[in-house]
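Two complexes come next, and they have one chain in common, chain A, joined by chain B in the first and chain C in the second.
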Partner chain A sequence: MSDFLQVLVLGLLLGGVYALMASGLTLLFGVMRIVNLAHAAFIIGAAYIAFFAFDKAGIDPLLSIAITMPVMFAIGVGVYLALFPRIEGSPRFGEMTVLMTFGLALIIEGLLTFFFTGIFRSTRPGYATQSVFIGDLFIPKGQLLALVVSVVLLLVLWAYLTFSRIGTAVRATMQNRSAAQIVGVNVRRISALSFGLGMALAGASGSMLSYLFPFFPSRHWQWVALLLSLIVLGGLGSLKGAVIGAVILSVAAAFVTDQFGPTWSPITFYLALFLIIMVRPQGLFGKAVRI
Partner chain B sequence: MLEVVEATAGYGHGPDILNDISLTVELGRRYCIIGPNGAGKSTLLRLICGIIAPRSGDVRFEGRSVGGLRPDQLLEVGISYVPQERTVFPSMSVKENLVMGGFTIKDKGLVNERLATVYRLFPVLGERHGQLAGTLSGGEQQMVTLGRALMVQPKVMMIDEPSLGLAPLMADQIFDTIRELSDLGITVILVEQNAYRGLQASDWGVVLDLGTKRFEGPAESILDDPRIRELYLGSQIAGKEGSA
Partner chain C sequence: MARTGITQRIGFDSVEPDTTKRLRPDAARRRFLLVVVIAVLALPLARPIIGSYNYVLQLGLITLMWIAITSSWNIIGGFAGYISLGHNVFFGIGGYASGMALAYWKWNPFMTAVIAGIIAVLVGLVFGLITLRARGPAFIISTIALLLLVGLWFDNWETAGGGSGLSLPLPQLSVQWLKVPFYYAMAILAIGSVYLSYRVAHSKFGLGLRALSQDETKAEVAGINTRWYKVIAFAMSGLFIGMAGAIFAYSLSYLRPTTFFEIGLAAQMVLMAIIGGRGTVAGPVIGAVLINAINEFSVVQFGATALNIVVTGGILLVALLFFPLGIVGSLREAGRLPAVLDWD
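Take a look at the complex of A and B:
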């Protein structure tokens, strides 16, 4: 029983960070119907910012969120304005975004490898190797802090989308883009903002990834596949779905690791992805949409 | 006065849908635009409300050029649009949908005032204010989109195919409401597939074909004109007393 609880807790701890990573991805799809295959490449890019902030200036990776979020926000707005308005309205918009972001991921990976080489990196703040015990439960401190930060950021995002005027416009654009335009929402501005927000979430995720998981430039492929499986389970474009999908799969992967060993953990996500696409392609909270 | 001046327009890189069309809309009247499928009726509304920009020519409103402005900018000058597709925000409540209609209004008190006006016009929306709009019937969703467009108290309201897919009784109710809009001082431009019904709800009819204006005149005279009946109202007159 305590074993079961232990595995469950370890799964839940990582679920928070997964949810944060996936929330940005699902936000981009929800607002703009962009399938951002470069999302994890941006996360890894942000992890490098956190890495050098830690290595050169001794800035704690959790504090580096104050740098990675605004920097990634600005990059996101720039990338959106440079690439996407010109293909807006194209009947092949969905497919084009997949190809464009695939290319973008390759470019980012190439640049990162060129400048920072392909060696493993990770930041080593004190808490990354510490742990606490609650009764018999073993809790890695770094993962606990990451969970707390992720939950706080997700709550802030939720409150912003629910209660602010601009956040309401973002939700309206997600639900019906042409109707949002008709009631006077400047959908292009909302799209640029949402792309920035999604990237800011990727930035915060990257700061945390820098000490949770060792990384190198081409690592992003594995991550983006994992993130896609999370948001497909939850339903593309649904924030609630992304969070619930992340928690379910993170816990499932923890159990698979416990039973069959860590080598099998990634399989959990891909197997789940295949099952969902066969059984319920719109995901738990998604609507059937065309892209 | 709203004027479309020798405008040509189409979508993306596609062909021209509207060819050199001119139309003058006197404020305070109810207009119905009729014509066969593909005549450019909906495109004309989308041009006026700013979803597409004129390729040549212009749209003028109250003496100023508004062709090429964005929909949100046109809302601010008083032109609002109710599209043909049901465009509620499905996961927002009825009330949230209506409040979204007042998105461009910064004054919250004014939004609440307008909300009360919409509830007076559509009592059923008041009763269902907390219900998610996506779970409403087609007719109720149409009321939400009409109510939402009314939140800005537009000077001109363009309504595309309001009765599409509605039960006859519900369609009657929608047309009654459209007549009431005139009493609120709103100029209505209606596009209606059911030409007979649309003209009955209007005072002025405009016949469109192949992207340009063929004819315009008082609605009754169009209904009585044998040539136009034959060409554009066709079989619908046979179903005059029915719901067509």
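Take a look at the complex of A and C:
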């Protein structure tokens, strides 16, 4: 029983970080119908920023969020404006976004490998190796901190989207792009902003990934498949869905790891992604929006 | 008066000078292709006049391999419009099928390549039946998931060597002749797959694929069994890719999941097909030759660095943004496609 609880807790801890990582991806799809295959590549890129901030300047990875978020926001807005307005209205917009972000992911992967080589990296703040015990339960301190930060960021995001004027415009664009335009929302600007916001979330995720999971450039393919599985399960474009998908699959993966060993844990996500697309493409909560 | 109009038109179609006019580019094209095929087949005979023989043959056989692979990918990705980013699953399955038969039973991969191709087709049939329920971006994502799943499977399959791989014996040939059989095998595959692509493009089946790539619902209404058309196109595209995988694995004399199930390979297929012209017969061939030339040039210039991946991604982005029809498609649209390259 305590074993069961232990695995459950470890799964839930990671679920929070996964949810934060996936939130940006689902935001991009929700607002712009962009399937961003480069999302995890951006996260890994941010992880390198956190790594060098830690390595050269001794900045704690959790504090480096203050650097990675604005940097990635700026990159996001730039990438959006450079690439996506050109293909707006293209009859195969969805497919085009997949292929273009695929190309983008390759560029990022190549640049990261060229400058930082393919060797494993990770930041090592003190808390990454510490742990606390609650009764018999073993809780890694680093994952606990990451969970707290993730939940805070997700709550801020939720509040921003719900209560601010711009957040309302973002949600309006999500619901109906042309109707939003008619009532005076500058859709192009909201899209650029959302792309920046999604990338900022990727930046924060990267900072945390830097000490939670050792990384190297070509790792991002596995990550993007993992993130896609979370948001496809929860329903694309839904923030709530991303969180619930993350929790479900993270716990499932923890149990797979417990039963079959860590090498098989990614299969949870790949299989889930594959099966959900085949059986229920709109996800658990999605309306019948097909990607 | 309408009657004379019709008869005139029918009559005009069978008038002698018009047909000869249409035959002439045909003859030029046939001559051009014959010259190309003879040049490809004769290259290994030119041993005395080629400086670095093995290097040239290696370059040739890799290019021929990519022609075979990209032409095959084009059947589902181009004609049918279903972009697959997981097609190297076939490549890996073919490589492992032949490679394992060699490692365990000493069966010669030049013989078992055909079996490997057939296995790839069968696997494609099963996968196709499952994955082709999705379309558009969902299909693309499902093919990535498929690739990662199969890659993970081979990573953990001990009989196949697991993540560290399985080494294979090389053929008993002296070094200077070692590349020749591989070169000819790839040449046969390249010619075969381009021929298959040509036959598909000129068949009712190919017409159906093009129709469903435009509008699946309308194609269905027009009486095309879109589901089976797609599944068959998907499986068919596995044949030569599986065989190429078998030959390639033998030429490497090593089986390792990372060489076969790397998503970068799928990126190359997509890139070559898009650059050359998706959904045309000549496009993938031109794309394969061009991208291999660029790769070789950048390796010679900058060494084998990660910048190659940057170049791949960069070209893909530029092509998608500025000429999504590719070389053949853009030239045809402008009416400037040389007749010798118009194979459709």
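Criterion: the second predicted complex is superposed on the first by the 289 of 291 C-alpha atoms of A that agree within 3 Å, B and C clash if a C-alpha of one lies under 4 Å from a C-alpha of the other, contacts with A are read in each partner's own complex, and residues count from 1 in each chain.
Assume a residue touches a chain if its C-beta (ideal position, glycine included) is under 8 Å from a C-beta of that chain, and two chains touch if they have at least 3 such contacts.
For clarity, every value in this text was computed on a predicted model and none was experimentally measured.
In the superposition on chain A, no contact is made by A:259 with either chain B or chain C. Of the two partner chains placed around the shared chain by superposition, chain B is the only one that A:186 touches, whereas chain C remains out of contact. Of the two partner chains placed around the shared chain by superposition, chain C is the only one that A:95 touches, whereas chain B remains out of contact.
Annotation for chain A, partner touching more residues between chain B and chain C: C. By the touch criterion defined above, A:277 reaches chain C but does not reach chain B. On chain B, the positions that touch chain A within their shared complex are 11-12, 49, 51, 70-72, 75-76, 80-83, 85, 87-92, 96, 100-101, 103-104, 145, 148-149, 151-152. Residue ranges of chain A in contact with chain B, taken from their complex: 89-90, 165, 168-169, 171-172, 175-176, 178-186, 287. Of all residues in chain A, those touching chain C in their complex are 35, 37, 83, 86-87, 92, 94-100, 102-114, 118, 217, 221-222, 225, 228-229, 232, 263-264, 266-267, 270-271, 273-274, 277-278, 281, 290-291. Within the complex, the chain C residues that touch chain A are 83, 85, 130-131, 133-134, 136-138, 140-142, 144-146, 148-149, 152, 155-156, 263-264, 267, 270, 274, 305-314, 316-317, 320-321, 324.
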